[in-house]
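The structure that follows is given in the form of structure tokens.
Letters A, B, C and D mark the chains as written, and numbering starts fresh at 1 in each.
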Amino acid sequence: MIVAMQETATDHQIERVIEHLVRMGFSVHRTTGIRQTILAAVGARVDFDTRTFEVLPGVQEVHRISAPYKLVGRSFRPEGTVIHFSNGLTLGGDQVVVMAGPCSVESRDQLFTVAQVISKAGARVLRGGAFKPRSSPYAFQGLGLEALKLLREAGEQFGMLVISEVMEISQISMMLPYIDIFQVGARNMQNFNLLRELGKIKKPVLLKRGIAATLEELLLSGEYIMAGGNYEVILCERGIRTFETYTRNTMDISAIPIVKKLSHLPMTADPSHGTGRRDKVAPMARASLAAGADALLIEVHHDPDTALSDGAQSLFPDQFAKLMEELRMIAPAVGRKIV
Amino acid sequence: MIVAMQETATDHQIERVIEHLVRMGFSVHRTTGIRQTILAAVGARVDFDTRTFEVLPGVQEVHRISAPYKLVGRSFRPEGTVIHFSNGLTLGGDQVVVMAGPCSVESRDQLFTVAQVISKAGARVLRGGAFKPRSSPYAFQGLGLEALKLLREAGEQFGMLVISEVMEISQISMMLPYIDIFQVGARNMQNFNLLRELGKIKKPVLLKRGIAATLEELLLSGEYIMAGGNYEVILCERGIRTFETYTRNTMDISAIPIVKKLSHLPMTADPSHGTGRRDKVAPMARASLAAGADALLIEVHHDPDTALSDGAQSLFPDQFAKLMEELRMIAPAVGRKIV
Amino acid sequence: MIVAMQETATDHQIERVIEHLVRMGFSVHRTTGIRQTILAAVGARVDFDTRTFEVLPGVQEVHRISAPYKLVGRSFRPEGTVIHFSNGLTLGGDQVVVMAGPCSVESRDQLFTVAQVISKAGARVLRGGAFKPRSSPYAFQGLGLEALKLLREAGEQFGMLVISEVMEISQISMMLPYIDIFQVGARNMQNFNLLRELGKIKKPVLLKRGIAATLEELLLSGEYIMAGGNYEVILCERGIRTFETYTRNTMDISAIPIVKKLSHLPMTADPSHGTGRRDKVAPMARASLAAGADALLIEVHHDPDTALSDGAQSLFPDQFAKLMEELRMIAPAVGRKIV
Amino acid sequence: MIVAMQETATDHQIERVIEHLVRMGFSVHRTTGIRQTILAAVGARVDFDTRTFEVLPGVQEVHRISAPYKLVGRSFRPEGTVIHFSNGLTLGGDQVVVMAGPCSVESRDQLFTVAQVISKAGARVLRGGAFKPRSSPYAFQGLGLEALKLLREAGEQFGMLVISEVMEISQISMMLPYIDIFQVGARNMQNFNLLRELGKIKKPVLLKRGIAATLEELLLSGEYIMAGGNYEVILCERGIRTFETYTRNTMDISAIPIVKKLSHLPMTADPSHGTGRRDKVAPMARASLAAGADALLIEVHHDPDTALSDGAQSLFPDQFAKLMEELRMIAPAVGRKIV
């Protein structure tokens, strides 16, 4: 931590800040400049709040230097994390993984129809919601356990792994037998109790960035899971909230190369939620791959106009197949392949 | 819902949109202008997604007209909701209620010291965290049940009601015997499972606006609680995330008069979290009152420099007493009083 | 400037950064911590770009310490700037000044009708647009010179100073004989050529914050004017752009106490543009005063429904008179008065 | 325009709104629903402010339906605008054009060194600043006329067109003999006086999106230029301001496909300003191309560490050459080529 004192700070004020730093376990190095005094506090502690010092008398500004996380940082595993699944698929290596499927599991017919077409086009993981977080209490809330069973069955029939969203602690044990990757939605990125429980399981967790979360906060939420012992964390960009209203969210494509630099964890992108509009999904999926994403999540529905949720952002099967072809052309430009 | 067709839309495309609207239960009125056709869809349904229509061929744009909520809207209770507490205190009427206390309950000594000074200065509700949502897994997480018991005891000794934050469903029953108002934090504003459970209890819920939540989303989250049968919902502005980094959040003071117009629910403000800096708490508390807030939440600590959380935004006791005097001077300008 | 090196930085990389700093004229103090090396660079230079160092090999992060401005900083004039006008009015002292009038000057009748009512209610400065920045090329663009003459005449008749917006360098000399305060609109806050010219004149300049400008950028734009020799700069909050769409802008009330702390310049607020809706102007005007504003700009129109611009945010005369009464009640709570 | 009345609106209020609409030249169609009355106002007028109606008594909400622009809309030229330059280069067709060069022209040596390497790697347009908008009055402000002459000479020697930024009306005539494309920077996107003058010239104008501008505002600023008679307008995404601080701006890649849909004008991207960091330029350049950009602007410097401005976001020559190879691999996936 760096504490820059005001030009007018008194010796007494400087001493008081130093004492406070020492009491918290820091070693303090003092630099006296022509204008002001600067204190560099070094130590192993990461759980402090820089604002504590910002409001002390005589302090001009405070900067945290060490990252507030340990396990998710790139230096913890400089070579990068590659997740190996039982069926031989890897995530974080030279393969780019496409996860696809409907927003919600609505029926056996719907799920199997979609699963067949996406599997044929090259998706390797089947996505589908069993529990749906809806902003209106009057909207469709998901099929629950029935959806989980259908996902497992469809995944096995068409040779795909299964990913689905967990919204609450009590759902974890119910989901464990049926799914391969737990997804944490944007609204739960800082549901710390849930994250802590997911740190105790033995399956990968895909953690989506909250719509107002900084990348540092996304990494800190990943730290919650890793701190519990589960090192198979996958991060995901799915759009942030900005002043622009044409799209539901503004997809922050630059988050992909940034997270890849700051962390060793795989970084993925969800252009369906990132844009909220079907006609923007393909351009943003291509852009995500070109920027270095390790995997893509894409919503597909065989009849989006009748979908019970998010039909507007679901691709038609032939749009998905065309997109897969485009992605296969782009992958070599970033040294990747889509198998 | 209004669907504006593109100038180039064909009759076939217009017919298809109309069919879709009718299938969803709307009556459709068609206006053919010199440039384009406009469809007005009227009906009782509120749980639709306008984007479903935005992506249909020939559609230019779609606007929801009816609010997506029913119970929280001002027209449900035009006279406004006033919450009456057992000790005679009212919230939402002509009294402005000040809720104060430490960020976290840290010890008996700390809580009782703070409770005494704020009570003397005029606070009528004691706030204090028992469970703390922390962005770092390595930070202080609260004293739990012990904190709840101390809050109850201090509240009774100094004649104040008690408010504390609930983070998870399993905490509700533990908290019920000890507190008078359940607080839902900004990070849980869209934890819909939690909101649904709080709709079943018989105590008021203070719901804070998420840092990236629109006012419509705040109202929809209030609707979740009311839809369960609990009509004693209190809303709270506590700062939104913007590009400005000088303060932790940008407090949206205009949310206060806006919510008062759109909804019948009491609207309150939390200038401590809204600014994150002690030296900005008093100006923003005064501004909130001047803009029409029904209550204020203010963090106070007798020794903020040693606080285990959020010390930087906690007022010293004498700052709080001075602020109470200023608030008493401002209240009559907005036709209110502080008792 | 503080440069924190990565844990893995080599001696060679550290040396290279130090050389770069020295070449730019800084003295460098090196702190070697248990994790990383930190370089504190001190010197008198303010015109550097911290990103130059952020991208050097081995660098983790860089923080500017000294403010990038000199003249606008509070330390330049710790006692605060008070502007004295020829008619005895002061701005920045214990008086709170209310500036009011129509958005655009539309006609002699309109201007004089409005001027009379606001003057009677207590406004001391008459505002009115002669040149209008309009986002559509097809909208009303202002009456130009004719408007300036009318403003001067009305100001003299009703005993008010005159403020009007300058949009372009060529307008400055045309405006000089007629107005007392030059207003720079939000869209021109970073029109540096214009600011530089305004630094050469001898009349006060009211500079509005851009809708996406940080407070530091606002201060830097003030520095442009002061650097030219014109020290009578007045700053103004008028709303920033956020994700919330209910109001045209989100008024950042906290900017008022922040600017008052960082700078010696008077800080004012424009609740008309800050909200864009007539029914929110009074609450936000009260809030601005309660937060410490030195002056308020308020749009008033005797018949807003027929106004050629911004009628929606203009108060009716009786609303303005009522607001003035409320402001007079609030002023003493912040140690101010409205004369 | 659609005006939705409140459920409680009286007949008198509805009549008053209708009168107001008719007075403004609209035809009004009235729909009486079970809950509320909806008024659809159709007409040819585009220069109205919806807020005028929002604040009328009895009005619930108002939506503009027709776009506020005419000439920039896709329907004005459904086939898309292709700009043909004298040397055979086209912009907006199947070629993707790369514009590159230093941020500022600093010297003859610097410019010719950079021009040679970028030309060899495939750039077809040379960029370089002659007048620099700097947020600090103490920073390097550009070489002016000398820079323009050097740009022309280097462009001719290496077979590239020339683009440079215009900041002020008085610079237009000075620049005309030397440059092929006028660039308007983000800070001047709403400098309407400047835009109007650029509407009168006969050379293409590249207009950058302001950091807080919606896409509609970008299009409206393009309309200012086209309304003056200059139809060769090129739009450009260069990053918007959001809460994320890791990058200088958040590049809104989705703006590319959106503008291509809403408008016939070519849409380009500037990943150098869009990210502000050299290490993020290549991923975002690839992403922009993959999302459908018609041209890219990329800053290159032969010795970025000594650049007088924006060195941190300038690519080294070999990084640029490598990027050009990657772009050539991606282009076919979007049906384009780089010549």
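Just so we're on the same page, a residue touches a chain if its C-beta (ideal position, glycine included) is under 8 Å from a C-beta of that chain, and two chains touch if they have at least 3 such contacts.
In this text, all values refer to a predicted model and were calculated from it rather than measured experimentally.
Undergrad: A-C versus A-B: which has more C-beta pairs touching?
TA: Of the two interfaces, A-B and A-C, more C-beta pairs touch across A-B.
Undergrad: Average the CA atoms of each chain to get its centre, and name the chain whose centre is farthest from that of chain A.
TA: C
Undergrad: Can you give the whole-Å distance between the Cα centres of chain B and chain C?
TA: Their C-alpha centroids are separated by 31 Å.
Undergrad: Please report how many Å separate the Cα centroid of chain A from that of chain B, as a whole number.
TA: Roughly 27 Å, centre to centre.
Undergrad: With chain centres taken as the means of their Cα atoms, state the distance from chain A to chain C in Å.
TA: Comparing mean C-alpha positions, chain C is 38 Å from chain A.
Undergrad: For chain B, write out the residues touching at least two other chains, lowest number first.
TA: 212, 241-243, 245, 279
Undergrad: Which of the residues in chain C end up touching chain A in this complex?
TA: It comes out as residues 2, 4, 6-8, 27, 29, 31, 33-36, 38, 40, 42-44, 60-61, 63, 65-66, 75, 241-243, 245.
Undergrad: Within their complex, state which residues of chain A touch chain D.
TA: Listed in rising order, the residues are 212, 214-216, 240, 242-247, 250-258, 261, 274-275, 279-280, 283-284, 286-292, 326-327, 329-330, 332-334.
Undergrad: Taking the touch rule as given, give the residues of chain C at its contact with chain D in the complex, in rising order.
TA: Touch residues, chain C against chain D: 20, 46-47, 49, 51-52, 54-56, 68-69, 133-140, 167-170, 187-188, 190-193, 196, 210-212, 217, 220-221, 223-224, 227, 241, 248, 276-279, 304-305, 309-313.
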